[in-house]
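Heads up, the next two complexes both have subunit A, just with different partners, subunit B and then subunit C.
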Partner chain A sequence: MNRWTSFNKFSITLGFGFLYLPILLLIVYSFNESKLVTVWGGFSTRWYASLLENQALKDAAWVTARVAFTSATIATVLGTLAALALTRYTKFRGRFLFSGMIFAPLVMPDVITGLSLLLFFVAVNLDRGIVTVILAHITFSMCYVAVVVQSRLLSFDRSIEEAAMDLGATPTRTFLQVTLPVIAPAVVSGWMLAFTLSLDDLVISSFASGPGATTLPMKIYSQVRLGVTPEINAVSTILVTIVTIGVITASIITKRREVQRQRDEQAAFAQG
Partner chain B sequence: MKSLGSIRRSFAPWTDPSAKPYISFRNVTKKFGTFVAVDDLSLDIYHREFFALLGASGCGKSTLLRMLAGFEQPTSGEIILDGVNMAGTPPYRRPVNMMFQSYALFPHMTVEKNIAFGLKQDGMPKNEIAERVAQMLKLVKLEKFATRKPHQLSGGQRQRVALARSLAKRPKVLLLDEPLGALDKKLREETQFELMDLQQDLGLTFVIVTHDQEEAMTMADRIAVMSAGKVNQVATPAEIYEAPNSRFVADFIGDVNIFDGLVTSSANGMLDIAVGEGFTIRTPIGNMDVRGAARGFAIRPEKIRVSREVPPDAGINSVKGEMWDIAYLGDMTVYIVKLPNGQTVKASSLNAQRSVENPLGYDEDVWISFDGDAGVLLKD
Partner chain C sequence: MVRLVNGIFNRLVIVIPFGWLLIFFLVPFVIVLRISMSQTAIAMPPYTPVFDIATGWEGLKDFLSQLSLDNFLYLTQDSLYLKAYISSVTIAFFSTLLTLLVGYPIAYAMAQAPRTIRPTLLMLVILPFWTSFLIRVYAWIAILKPEGFLNQILLYLGIIHEPLIILNTNTAVYIGIVYSYLPFMVLPLYSALEKLDGTLIEAAEDLGCTRFQAFWKVTFPLSLPGVVAGFLLVFIPATGEFVIPDLLGGSETLMIGKTLWAEFFSNRDWPVSSAVAIVLLLVLVIPIALFQNAQAKAQGE
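And then the complex of A and B:
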């Protein structure tokens, strides 16, 4: 089975090529000397330098950072609470409906979510700006957090909470000192997921945004409509780099922890 | 007075009518929906007693323990602990601590922190906590492992941490939920004796839940045999084994042979039960008035003799059968003898000698016999 047949090589090349060729092209052309995106004019970092002087792009990046951080944090709190309620209090009527409803936004088309939010903001007479973008991002990202945390809670050994209470911890202390630290990795990955989703959302942001609240994806998209400049390539490359570093770091940490844990367990059993 | 079995120590407050129970379950019922887990149960446990709740899974023993710990509230009835009604007291305000079946150690805390957890909740000063933790680590011989996390420990070590953690607060009562279930046989036996010593030294009341009758017999002062949410019998291990009060208890604890027959006569305090053709059991009547009724007679394998010779009074407390199976277990040999009516009887004999001349063999005709007072009459 473990052989490099020419068919295997072909499949791998095709698959990865499909996935990464466009991104590779984008990165390569961000170092293009020429102003024309499709013509190679030699290696240069001038577009990165000019990026630093592009106030509009910098503003958009700052808006995106604030929106992503705030919405991810609030979505994490709400999503975690929702996950706790749905896994813990399993005996109320309509629980099935509620747990279905928390998953529904995952498959809801962005256009529908965006449009309904826009209509809602108009209805309650809320001026569109950075606040409405944050609210919109919380709306769609909290259900991702809820799903991630819920799956961790399902394998959670409830007896450690009982042990904490048995030892004199009130329910609040039990939650803060035992439950939360144990589910923390899931909460953190929920936050990271929410952060990433917020970072690259275009459709819902476009609906919810108003003057002075242009996010980076919105800015990039609007600039592209006027013609792709190598500057866009450069900013996209930076985004790709940030995401890549994040993903690699996270997986290295997870892997290391797993290896360390296995080693510890083996050591413990070896000595009986 | 003749006593049943050996006495471990002279501790028997349950025989003293003036002794006040430490823990009382009074008509406790617990329902989950329509399922009755504990059914109108009353039970007294005394101070410094090592008490075992024994039963198959689903008999309600764990529910009873969890109600004592405060994780479940009785549907009706009350639980009194040291004179205080526990109704409405949450688990974190009860003077009991529990050792969980899964150990339930906090995975993100070191051994020290695990043990100190309960003490911190009480707001004990730091230096006192350190002192108590050191004392507990010494008690369970884990001084070298203080800074390890639970996943860096073996099963036996985890069990010790769980024990130390539940004892750290010096609870009035220690509840143990199948505490040795996850240990291998040898470690389990060692730990049983350690727990007994610990309970004696600390002078605490222990309530243990187990499905392992050997474990209950080894450790407990008294055992409550439970089934279907009710207590079948509460007695010392020797009483439970030698004088079970029902067919269920006789069958649940150890191996037993039960002969069913009809009572034919009673004279001079003796009762005759006709079991089958040429097989009558003659046993002391005790305090049972059972003339004319169908009755069971329960007798343990080690109290039945097997031989080739015809015993005196053949047919009374003896019967001829066919050797069906022989199992040599080292310390003893177990014989399975098939009676003419088809019933198989289990008999065991200690291998006191290293070799036996002309041992009993398969398919031989043999006589089984026993003393009339070696078994017990069953009420049901």
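And then the complex of A and C:
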């Protein structure tokens, strides 16, 4: 029975229109000649050119890139470990607290996380700057990585690990040569998620940051408060483009790997 | 030796992330609680008492005796805070309901879509989630402002003759929340609806249910876990939202995230902002516990 009715097509069209129209408008108007953001004055790339001369914005972008790269990398390691701990060790003391601390940050309002981290940094006398922003970003993004990797681990066929161990591989070697290659796509998308979350964060950075560590969202926010400008449209367009290319590339790679894996499995079965 | 190394490896898998979260997630909350019971002071850090480990046991007793619940009492005395809490919860609740109404048909249609295009649709829902929250909220300013795109279209079509004032009102906050959190609602709904066994609906229709009855009596109840997950995933962060009320809301918009931010950055009152955070956490503790529970259940499956 066909349930792909015109009502459903209508909902999808409307829904995706709602999701994408605002971003499309923002992108289109970043190429606007006019200084007025809502009046079309002809095509121009002048706002992109003026971005290149904005040193404060470039500095902020560089801070953000360093923060996002470092925090995503460390968060991926910690999050993957956390996912392993959650799926492999069903009983250990404090497991309830542990899983609570993994899931709570996913919904915790940013203002609470930000405030608590700032008060912590002050209490332990850590000077606020790029390091504290990185520490803060690791803390919330490792939880997202943990959830992404965990969902992959749950559908993982553990018999191939057992086979490796039966054949004499140590658990460490089994992990590196069997487990890690299988969960690699999830680990990679975890890294990307952590990277974009860090790229994106305004509230937690504002609390955790100090002088000299202004991130791009903080810079954008302070300009947005003064009003909508085509320059911000341009910087937003660049960010959206980077993220879109990243996500699409990652999903194509994952899909290819998945197809390859299925082929390999079928081949293995055919031989066996 | 190998066994020992592997034993240590196994331990570290738990100890490292657990330790990290204890230090950077749990300990900070204890500190917030402790500062919420302190008094503001013109010093660095800007509160008293400060505990000095060198003063030993007597110092600790003295320190504890100076802690008080005055800040919490203050929150109940100034009606601004109570109003902000109530209005945050109300705005979050109704906008979450709206998000559900908007998100359900989308998730439903995605689950009915031909198998071949489902991954693409799924990616199209996830993509906005990856793009900056701040930018997506910012995009709405140009749409909603008096001379913005929405008013231009409505005036052109002759539906209105005066520009509507939407930006800097609660309406804009509702739109902002629905828009920003829509993917969080659609994804759990979709995963619940996709698992649904289509033959159940056919059976209901064969037994004489109309399409709507079949939906209401079969599909909707079976999608409830997704509804609950989506609801909590939107409601909890929306209650403490700062960016949306700050950029889209106006002077009439009272939300606790904004109050906390102002208390901290403008008034520099750390003890009161800590108390505001603690009360917000208390407001959210039940929905957060429900969310944890739902997650644990989903894991069990």
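Just so it is clear, the second predicted complex is superposed on the first by the 234 of 272 C-alpha atoms of A that agree within 3 Å, B and C clash if a C-alpha of one lies under 4 Å from a C-alpha of the other, contacts with A are read in each partner's own complex, and residues count from 1 in each chain.
The rule is simple: contacts are C-beta pairs under 8 Å (C-beta built on N, C-alpha and C of every residue); 3 or more make two chains touch, one makes a residue touch a chain.
If you're wondering where the values come from, they're calculated on a predicted model, not measured in any experiment.
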Which of subunit B and subunit C A:L126 touches, first, second, both or neither: neither
Contacts of A:T170 with subunit B and subunit C, given as first, second, both or neither: both
A:A267 touches, of subunit B and subunit C: first, second, both or neither? first
Residues of subunit A touched, compared between subunit B and subunit C (which is higher): C
Subunit B versus subunit C as contact partner of A:A65, first or second or both or neither: neither
Which of subunit B and subunit C A:V182 touches, first, second, both or neither: first
Which of subunit B and subunit C A:I238 touches, first, second, both or neither: neither
Overlap of the subunit B and subunit C footprints on subunit A, listed as residue numbers: 170
In the complex with subunit B, residue positions of subunit A that touch it: 157, 159-160, 162-170, 173, 177-178, 181-182, 261, 264-265, 267-269, 271-272
Of subunit B, residues touching subunit A in the complex: 69-71, 90-94, 96-98, 100-102, 104-108, 117-118, 121-122, 149, 151-154, 156-157, 165-166, 169
Residues of subunit A that touch subunit C when the two form their complex: 1, 3-5, 7-9, 11-12, 15-16, 18-20, 22-23, 25-26, 29, 37-38, 78-79, 81-82, 84-86, 88-89, 92, 94, 97-112, 115-117, 119-120, 122-123, 135-136, 138-139, 142, 146, 150, 154, 170-172, 192-193, 196, 199-200, 202-203, 206-207, 217, 220-221, 224-225, 228, 232, 236, 239-240, 243-244, 246-248, 251, 255
Subunit C to subunit A touching residues, read off their complex: 2, 5-6, 9-10, 12-14, 16-18, 20-22, 24-29, 31-32, 35, 45, 102-103, 105-106, 108-110, 112-114, 119, 121, 123-128, 130-136, 138-143, 145, 147-149, 152, 179, 182-183, 186, 198, 202, 232-233, 236-237, 239-243, 247, 257, 260-261, 264-265, 270, 273-274, 277, 280-281, 284, 287-288, 291-292, 295-296, 299
